[in-house]
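Just so it is clear, A, B, C and D label the chains in written order, and each chain counts residues from 1 on its own.
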């Protein structure tokens, strides 16, 4: 389960490209398949860009920062769905428009992208990538013909765009940050040495020694031009529909989204599970890394002692070689190793973030059993996945979803657990009660914030 | 002095991508900074592409050919002018149009590219590269809205395009090859195992074991669709204006362009120089590699014996490290080493292809003198460079041209030669008398085939 | 703080090189600077080797396994001290002897290496590496002249070697595993599909789906030849002196060394600290990853709740670019991010494995304080470092050790902690009471298992 | 046909490592499979080394020169025979001896290496490489025990070494250059800015802006220590036996060996062929690059005009991908392209350096015939290969040699030539009449300068 992308922007900041790289390190959990930075440099009044497939540590070297002058930068980390892992789909995207070159980064997914694309192609426009972002760039460029005002152009484009989008962009030394009218993906604003910065998550602001200022509101457009920071709105107002999976899995636990700590949301998930799915047990453990905090919550809620159950091997690369079937089977074992002395003879509650296809849960439970666990009770910080996501969460097609394929009993049996408990659907919104905004839980409930055509 | 690019296309040929790679090896002299191949595969009805900065041997490995299925391919080698050496400018260019994805390769330069680009941007179109090729793609995509017929669309677009262009493209399993109405850049057609192929130079057809069929005529559009190969024309008819520098320097001597052997053109350059700039001497040598054949022509024309004068070091890479000024000065010496025993005590005629800035000619003459040459008479297979080129030849700006900066005597003195002779301007067209077409010699004469707006 | 190396051997196992790679993944925490595998292949009766600087995931690709045929393999991961990070110091080491080519891997350090080296050089021997391993190879090769029996040769060589060594080697299809007479470094034996394997830690045996059989005894030599597995002894018998730092830091918590679980040793360290350095506090956290288990022990011992205090960023590479001082300071912040909501307003006990120079402890405490921790009480799972190690633990020179430079009060103040507690020296051996063997705690106590000349 | 290696040394020269790299560029034709440089730096009194598989342009980057301080350097380019292309066989070789670390580079081959190796192994010495050089290092280290005088040690070692060796080495700031008693491989001395340099060929001295001083005499040892350059001799005096293939193929034509220009030797080869194997023809061409000068000699000797017959493609890499049989066949065609207009309808004399297995000569002749040559007369600058070489020339085993397998008529027929002429064996020594030394032509005559035990 992955999401697509993290974004960052810095305006008027010395060493802007290097700061962007630091911020992208902190956002790397949102996408590891590609990354890029574009800067605008007043002296040459031009955009510079370095982007490629790979992680920040692989893409950026000292020479690259020399090639990225200027005090304004946008940056991007990318997760791509299968098949689209191509250099031309990495971001930032550059778009030469009549008003100048636009450098654009985007996190999210338009549910009407295909329709918009067909419509734009019918006007003679050409598409050089497979991404939604190019659709957004075209809508903007088209509106910029009608109005030279980028904010007006954005507002017009937003009436056409359906779905999730957190954008940061540079145009001729003006920076714009935009969050879609439902606020489906996070986007916040901070301040570093007096300069505004924007990031998908607040943890990236900390990484550049910045101070968190506030989240963008659903539908908000922030324009930074010289010393002026102005706020506008676009699209239809909504009660908000943040992807709840940001709290459960995507976001880093030290981030705060819409006033709600991700750390606390995960503790709460554990406590709700302890309440809704209690069990007699000797030990609560989390599956590293995303189940660890919820496990503490479960321990608190249940009074069962909390401990470490696994050693995780940090050295397994994406380039791990799997020459034979025999070797392939070893990958789970290599990545995750049970602590026999911790679990032997014990009734263990094992907390994990989600259960999607059910392919790795079985081997994980088996590791504990083989290490001597007397019982293994699986608790999942999310309800069962039953429906597609149109907004950027990479949910597999329905026929691959464990909770679609099997009954609760079958699934419990398949994964070899002694019991299996999901977060109740009606408690999902309790994970983050302090945000003052609503959530999208469409992948669990089948109810989306608007009627999705297609 | 470099030109921009070489192109190739193969239609209905097994292992099309591998053949394209072989052809690009043979065209590599036309551009070493980037290359790429796109294939169209009927099974998936989709385009696949691999391209990157670097030479063919660096960009393509065995895995890449697996990623390039299909029996139709276009390929490109790229030379880029300073500053534009960026991944996003490599080709093929993909353009998603209403009629399908276009894969396009281009050799040449539009003299009205900037004006067209401004016009297209004013319609809300966005530009993601710096290249003329994107302008061509937009013109085509625009025309494809008005007519679904790609040939009609090309003919319409050609009325807008001014300058040089040899194009090969794939659209939904149809291949098109186009040569601009002046035939400024070469483009020919061959046949491999019954399948049509297209290439910038005939040497590439030989490299894939093909048979040369014919050159495309100025303004010709060849369309290949299934078993049908049809010819059309676009743009205003002309008497032809092939860049004469193709014969002097760009093309490989085993190529034949418009019925005229490049090898013979170079021999002829040497003979004309022997006639127009005779001198008493003991030995004629060529500067490797492009002066070698003309030296033979000079020897034949003058009766002076011909020999080898230099050893060329093939192992110096682009990545040659030049940490200090002292080291930098060594690069000419490393690349070119005089054969002392061949030149010692002799009056030497040294034939080279052209003299642009005059920066390497001096050190080269000095090598011969230091090796004991009694006299060094420099003969140049081209007239003095005096004017800009708008059609893809990378002529430096006027103030850097040796023949603009210095008088003939000053220049002779600066390079340390005992005499210096250029090919007479009025003999330029005699280099290739058998083509039946005219030539462009604008960089020497200031006279271009049409009035270039700028 | 690092140790030098991990070793592995597999005898008579299909895909021996691939198994070795899996095992090296599991041992990678013992050394990330270089790795290698050598195999012996009966068909050609020869040794094959691939080794290089880098981690397993960087050094080994599919082609390498084709180049490593045979069912017998030895493997090595290397940590190198400053200055010695050179390709020629990677292992396995090959040594052509009169009896055949020896492939040797080694974990440990000879305290009399320099003296032995001088002695061997005086006999006309040449050294091609900087490592102790070459000394061992020479001693062995020399003894093999006197006796063709490799076990007798090993026993003779062991009388000369002082210090720590766990060895695995191949000679003409015979495998030998050796642990030094004090058992200073771990070495154990397992069984995979009926074939014997050897590894520095038991976690590597699990990684190849093996079954742990037993630890080698101090001074033990195990010889595997065809179906025979025989045990011999060399050197003077001892009560054992395993490096206690294996339990505190080096070994993986899922390993069991000499019958003592590393996981339990760390829990015990936490409990002893709770007992010896109690404090009133609201939360116990561990510094990831090596302080996490001890933190649970402290929580159990003290009754103070346990939680997560930090998010660790797994994406920071060794190649992290630090162009400016400003950026450098960010590295701790990038790697470790405090969970403000967990620590805000709380009195926090922070447990870490050791305190060596004291350079990162200060910034780590500062992160918690800046995140709002009311108090930070640092607890260290080891006594103060005061003395050098001669046996392979990379203890810095005395003048760099925090506990040498500063008094307890000064140090507490420098790191900004509200209190600081070390594991009491007299409790060190209580960490692992079940091993039935003694420990070396020379770096804390200055008392070594034998009198070290030098 | 390849030889093993080129060597270089510089003593007391600023930027010694960079100079060595420049010299290795000029020696790269002697070996492209690996290279390395070691420097000695007085300040640290230690040796630094960078070496790896690959060409100079691949192995050395700016960082490497920073890692190679000091004003004394030795360098090496390596050609390796099949199977030995391993990192551990690259040079310089470092050998820690009682007198200090020796850095050694070697061109040549000991005919008694295997016997010496067995003898040394029987003394308990270990071999870490497959190369003769390690045998030399051991002999030297052994002698250095008996005498601390490196020259005396060398003289003693030379009485044991049979075969070819040109050595340069550094020991504690003393440089030694040694040429074997037969002078089988070239080695010369030059001077750069007052500092002595040594190189396999004089062309490398020119590459570092040096002045050629003299060749080392057979058996000569030159020692450089501070300002003193002293000459000694070792081994039995001989009349000299330089490998004649140095003149025919290995050496660069701008080099002068033992007073004899390689360029002139090749001209002479062509003239002798014109005399011994005359033919009626219209054109003489050389196979690039090593046949080009001999072709001029043949033209001079015969009066037949000389011309260019082929275009050579410089862009084909070692990494050329040959996925199918069809592609493989294209490699000759890709590398060498005939100039149809030059050869069409003509009787062509094609001069090449040697004919070993006869596998590429056939396709090359076929290219000319297919391009329209009326007749192709092949002339070879060497006699037929009939015997093994024990001194470093990589002659295949007898059963693979074309002149062993087939009669002259069969061979002529197989390669498709109209006639075939080899350099007469009795004229071989006439190639280089001015050296004042004898030659080894054992691979042609079966007569070696001494009786080779095997």
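As a working rule, a residue touches a chain if its C-beta (ideal position, glycine included) is under 8 Å from a C-beta of that chain, and two chains touch if they have at least 3 such contacts.
None of the values given here were measured: they were computed from a predicted structure.
Each chain's centre was taken as the mean of its CA atoms, and the one lying most distant from chain C is B. Annotation: 37 Å between the Cα-based centres of chain B and chain D. One inter-chain figure worth recording: chain A and chain B are separated by 47 Å, centre to centre, where each centre is the mean of the chain's CA atoms. Once the centre of each chain is set as its mean CA position, chain B and chain C turn out to be 60 Å apart. Residues of chain A found to touch two or more other chains are absent. Interchain contacts close the chains into one ring where each touches exactly two others, per the touch definition above. Contacts between chains, counted with the stated touch criterion, involve the pairs A-B, A-C, B-D, C-D. The residues of chain C lying in touch with chain D in their complex are 52, 86-88, 93-98, 102, 117-118, 121-128, 137-138, 141-145.
Those residues of chain D lying in contact with chain B across their complex are 15, 18, 21-22, 25-26, 28-29, 32, 55-58, 60-62, 65, 203, 206-209, 252-254, 256, 261, 263-264, 289, 292-293, 296, 300, 305-308, 311, 313-317, 319-321, 323-324, 326-327, 330, 333-334, 337-342.
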